[in-house]
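Chain lettering (A, B, C, D and E) follows the sequence in which the chains are written, and residue indices restart at 1 in each chain.
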């Protein structure tokens, strides 16, 4: 059909099998880690519980990290303010949930299940809208300057945290999950928390949506090109500014969604919750390879699993397990699991 | 006459802002209550100077030095965080002025880092841990602990363990998790494994400061399928909301506004309700105790001279929202009642209600002296 | 003479000359100009941060290495002195041993981390240092037997530096000449010397090579420059000066804990000071540290006055409430990047040209 | 004849404090190929960038096809069907050759016949179709930059020094390519140092110096007048082929 | 033959994935001669340079400098050993001044970089030397300009200046005149001609302008698809069919 050859003859591969294995190596890390842990834990039902919980935790982290990897990798912006969107998303979501639950179920002990979806949407709308302003005011002057990005987004983070205090007060807000998302499904000695199942479904859906968007449309290409040479992208007739705003909005909205999910997981939210999760989120993004949604996904799963396995086997080491994992992976692949760009 | 100057040096801004607010409100109410609303002692007006440590130890030191050295305050009260408090202790000694610590909890404030200018109205970690042990410990009970893996958690468990030994309960397992743990599945699994085959009552006692919310995480894994219960200490009202998931849970708390029955607390609850449209909380009570202690000490000493204050305060008993407190001579720690509670869920109340099971009086708890 | 001291690197520009001179003179006579413990504390903190910020700029502005582990070295210096003073009592021997020990540990660590930087790209490196620094902070909190954990260490310093020590009995210009004044001048002199040495380093042939590596490391290699050697050396030097600053802080504060030395907040503060002052200019460290630390110490007071003045206007007093000072600090972050893209120093130099 | 496609009328451009273009007037006739030449630093690149909207003209007017485009944003100018090959080629080095081309084809995938034509001119691009563009040789990058501009029929092509670093055979191919483009209704403005290339292709010529136009005329006239060359460009062009 | 070679490569090869960019190139260069390396775009000329000067590591083969194997050494070490090069795509220190760019190269040659405690400005000899090279590439009038603001042509001249300042035994020029205006080109060509006339250095020159090659080169080496396909006297090589076809292109030569 199209004369566009997918692969030129000149770069034909010498050992297809070796090459294919090498290409699949990042993806194989997850099952390999799982298999290694099986004999180590000894107890199959404990292993299943830990593994499922770790994977689900990974999905939740992924939702929070996915926006960052988009923005961080594709637009080359180090957004420390991402944590602020997580917090704001959680607070907006909480307000909506508490308000709706009050309407739907006056006097109820827990939040109402039906309030969750509207809350997520509201959180995404608000954080997305804030993302527009954030991009225009805070990020735009500092494209391409990592250091200033760190500073200015840190500033944004502090301001956002303080504004949360102004609007919601200094107290932490409890978010008791609805009963339907509380407790676990128990099979023999294996327990799978219901909320984590919910997180898996949501996380997978977001992953697939992002993957398709970036793989099947020009958008991913445009953003990567724009980071390297925005002028040239404009000279080709694309409105790079609009595109960057768009990406940033999506990234922020995902952070907001992540905030609601995380708030429901923790069942309590504070203004600092976003900041507290940032180091973990950065580690995930780095492990994955900047800007790669797929890598971020794998990184999040690895981090989730690793924390549970080490926590079970040698809790003393659980503390450094993420950092250890990151250093190990960077030693093996200096640009993360799935490097996107040679920056 | 010269006013009496009191500095409130505390972390008004930063992560403990909520605690700080309560503490200050309590302090002011305490001064008001103790002076019968005159805000005067012996004809001298009380003047309170607020200073914000921003939760930074270096700021705490500088501000306390400023309060003592430049503002010439007669005594100081604060701070919220133990780290800041520990940094401030030597300043009190250097300036030879009294510092009433409230509500920082580290044992070492009235323990190894103690000096004779330090008094504390707040409870220390040992008081917390021991009261909990006394509350839940009984013959035939098996307990496992879940704590943060750093000094605070380990010391708390150590004190808890010691006190538990006297109750006939058996401590079967200690689990320590990193302070920033997000996923408690592994810890829970280990705790369950340690307890599930034990006979009798099985309890996981959690001591955890700050985020992470391990209680609800462990509970989500359904410990009840092995007949395991959870237990932990009290907390501020916003945090008590989450306790609604644990009806019937037992533990010991420092304060809950409906528990203490005494005139001071009645006044506090009434006035607080009027002025702030809500009941007083943990640190309101603490702040008030500190304010009352200051007034009573100056009254008793008849002056604001440091040496006179110290001798007046050592061994002094005073009435607070938590009943009678007493500054122990040896380490200047205020001994006080704690409350064994049981959680009740009342749909009309936003948070979990703590019903009193038993007041743990000063003499029910053996709080070790750890000064050097 | 002046040229030799400043290594031929003048502030340039009238406003800048005056500004730098004013800051230096204010610091020099701080005990006499600004009475009060808090003011003296602020002045000493500024001195120490000038060294710390300048050492970070050596890395960031002059060599182009982005690291978040700088507070780690600062902490090592502080803990080195603190631990030895705590264990072996208040002697100068302990101070120097602590400093020496701290320097050795810092330089070694800086070297190892520096080697890692060869393996990964700049931004990855930055994130790795972030992780290493947070791991170090956790380690310090875990080794509570040695470090005092979260609570930190309080200890005595040599008697000469305490308020109890009197230099002379009568007051000088209304100021009691006690050990705190000696401590202040110790901090001042050591900071000044350290600063001038760093000035010399950045203006030396070595400093010029660092600049070329920052600009284009690939080309520097092609000129026969072994960038590894230079980068590692710069990392070690920066770490060494940060350690010195930490040791000074430990001496001055007589308390060392994670919040004052290892916290990420301090790292961000250092970054901001570098940027406000002007990256790649040593004078930026002076301007940035002075401006920032003054803001940190007195912004709240100022806001208190403003909140009173605006009482009655809706919302504004809420935003100006002293408890919201962090909000304004955050705005300061943002505005400083906006209005001083090249820092205050760059700005003042530029306006001179125009 | 019909009015010119592109007209610059007293255009001034400032970059920072520097006044680079100091009143540039010339026009590019429709369908022809106009050569813009001048010594290093004359302001040729600045002129191209100003037309493209990458620098803002501080004074004067630029008209494209009867429409004033002086203040327009770059994407709008590009969407008026203008393509630009910058001096530094503007290759997206993280993207593959193919991806570079996909972006250049503004509506979806590149057209088959067009692509075949380009592959015939620059066979290397077909060979390295899936290679990251950053790994191409200097000359191959130049080919890619030009190919991107030609992937769709354009109204106006702005090309800044296309032959630098190209092997003679490819320069030949380029002459052929621009020759073919001239036959379509594409108008071309080309900056060039290679006078022989310029002479072979140029219909009109504009000479710049010091931010101003110092000569306008037909290429053939300039090529024939050695003295004029000497005056305008500083030396005889014959010396260096 | 290798005995008196200043520089030699033996079986030099590099693969990128399946693509062999330089394939088994064995060639030696006698001191005091100027060798032009020509070939179509993508032939592997720049890659060959990168392999010699150490920017790339060979998959196979050796690089010998005065008979010594330097294949395992890095770029910096090779430069110090006497292999200097200028880059095809301008590669300078953009935010520094023109003079500082050159001064850095001079300083690197004198190995004064590890001098921490003296002022750079007090090394007047280095500055004086740097000014000499600026003169040589006729850039003295722009000595204080920031490189990033220079027009392309001036940057090309500076690129050559940097190479001169290193005074290397082996000098490699990669299309030094590309993008330079016609009146500037002679400055560089005269310079290269002078270096050649001095006869002290071994010069390798990649250049597409055939007249330049013809007038300057002692010898021409032709690379094609990574292979060395012709080597010899300029006139002969240019006349050879492979060059006429693959490089100059049939019918295109009149444009050159």
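Keep in mind that, in the parts below, contacts are C-beta pairs under 8 Å (C-beta built on N, C-alpha and C of every residue); 3 or more make two chains touch, one makes a residue touch a chain.
These are the chains along with the protein names UniProt gives them: C = Leucine/isoleucine/valine transporter permease subunit; E = Ribose import ATP-binding protein RbsA.
Being a predicted model, the structure only gives us computed values, none of them experimental.
Once the contact rule is applied, which chains count as partners of both chain C and chain D?
A, E
When you check each chain against chain A and chain B, which touch both of them?
C
Greatest Cα-centroid separation from chain C: which chain?
So the chain farthest away from chain C turns out to be D.
Rounded to the nearest whole Å, what is the centre-to-centre distance of chain B and chain C, using the mean of the C-alpha atoms as each centre?
Those two chain centres are 36 Å apart.
Return the distance between the CA-based centres of chain B and chain E, expressed in whole Å.
That gives a centre separation of 75 Å.
Measure off the straight-line distance from the CA centroid of chain C to the CA centroid of chain E, and report it in whole Å.
Computed from C-alpha means, the inter-chain centre distance equals 45 Å.
Mark out which residues of chain B touch at least two other chains, giving numbers and ranges.
If we look for residues of chain B contacting two or more partner chains, we find 17, 149, 178.
What are the residue numbers in chain D that touch two or more other chains?
In chain D, 128, 131 touch at least two other chains.
Return the residues of chain C touching two or more other chains; collapse runs of consecutive numbers into ranges.
Where chain C meets two or more other chains at a single residue, that happens at 138, 142, 324, 326.
Given the complex with chain B, which residues does chain A contribute to the contact?
Those residues of chain A that touch chain B are 46, 49-50, 53-54, 57, 107-110, 165, 169-174, 176, 182-184, 186, 191, 193, 195, 266-268, 270, 272-273, 276-277, 280, 304, 307-312, 315-316, 318-319.
Quick one: which bits of chain A touch chain D in the complex? Just the residue numbers, please.
For chain A paired with chain D, touching residues are 2-11, 218, 221-222, 224-225, 228-229, 231-240, 340-343.
Under the definition above, what is the set of chain D residues touching chain A in their complex?
Going through chain D, the ones touching chain A are 52, 54, 73-75, 78-79, 83-84, 86, 90, 92-95, 98-100, 102-104, 106, 109-110, 112, 115-116, 126-132, 134, 148.
Across the complex, what residues on chain E touch chain C?
Going through chain E, the ones touching chain C are 53, 55, 74-77, 79-80, 85, 87, 91-96, 100, 103-105, 107-109, 112-123, 126, 162, 166.
What residues of chain C sit close enough to touch chain E in their complex?
Against chain E, the touching part of chain C is residues 7-8, 197, 200-201, 203-209, 211-212, 215-216, 218-227, 229-230, 233.
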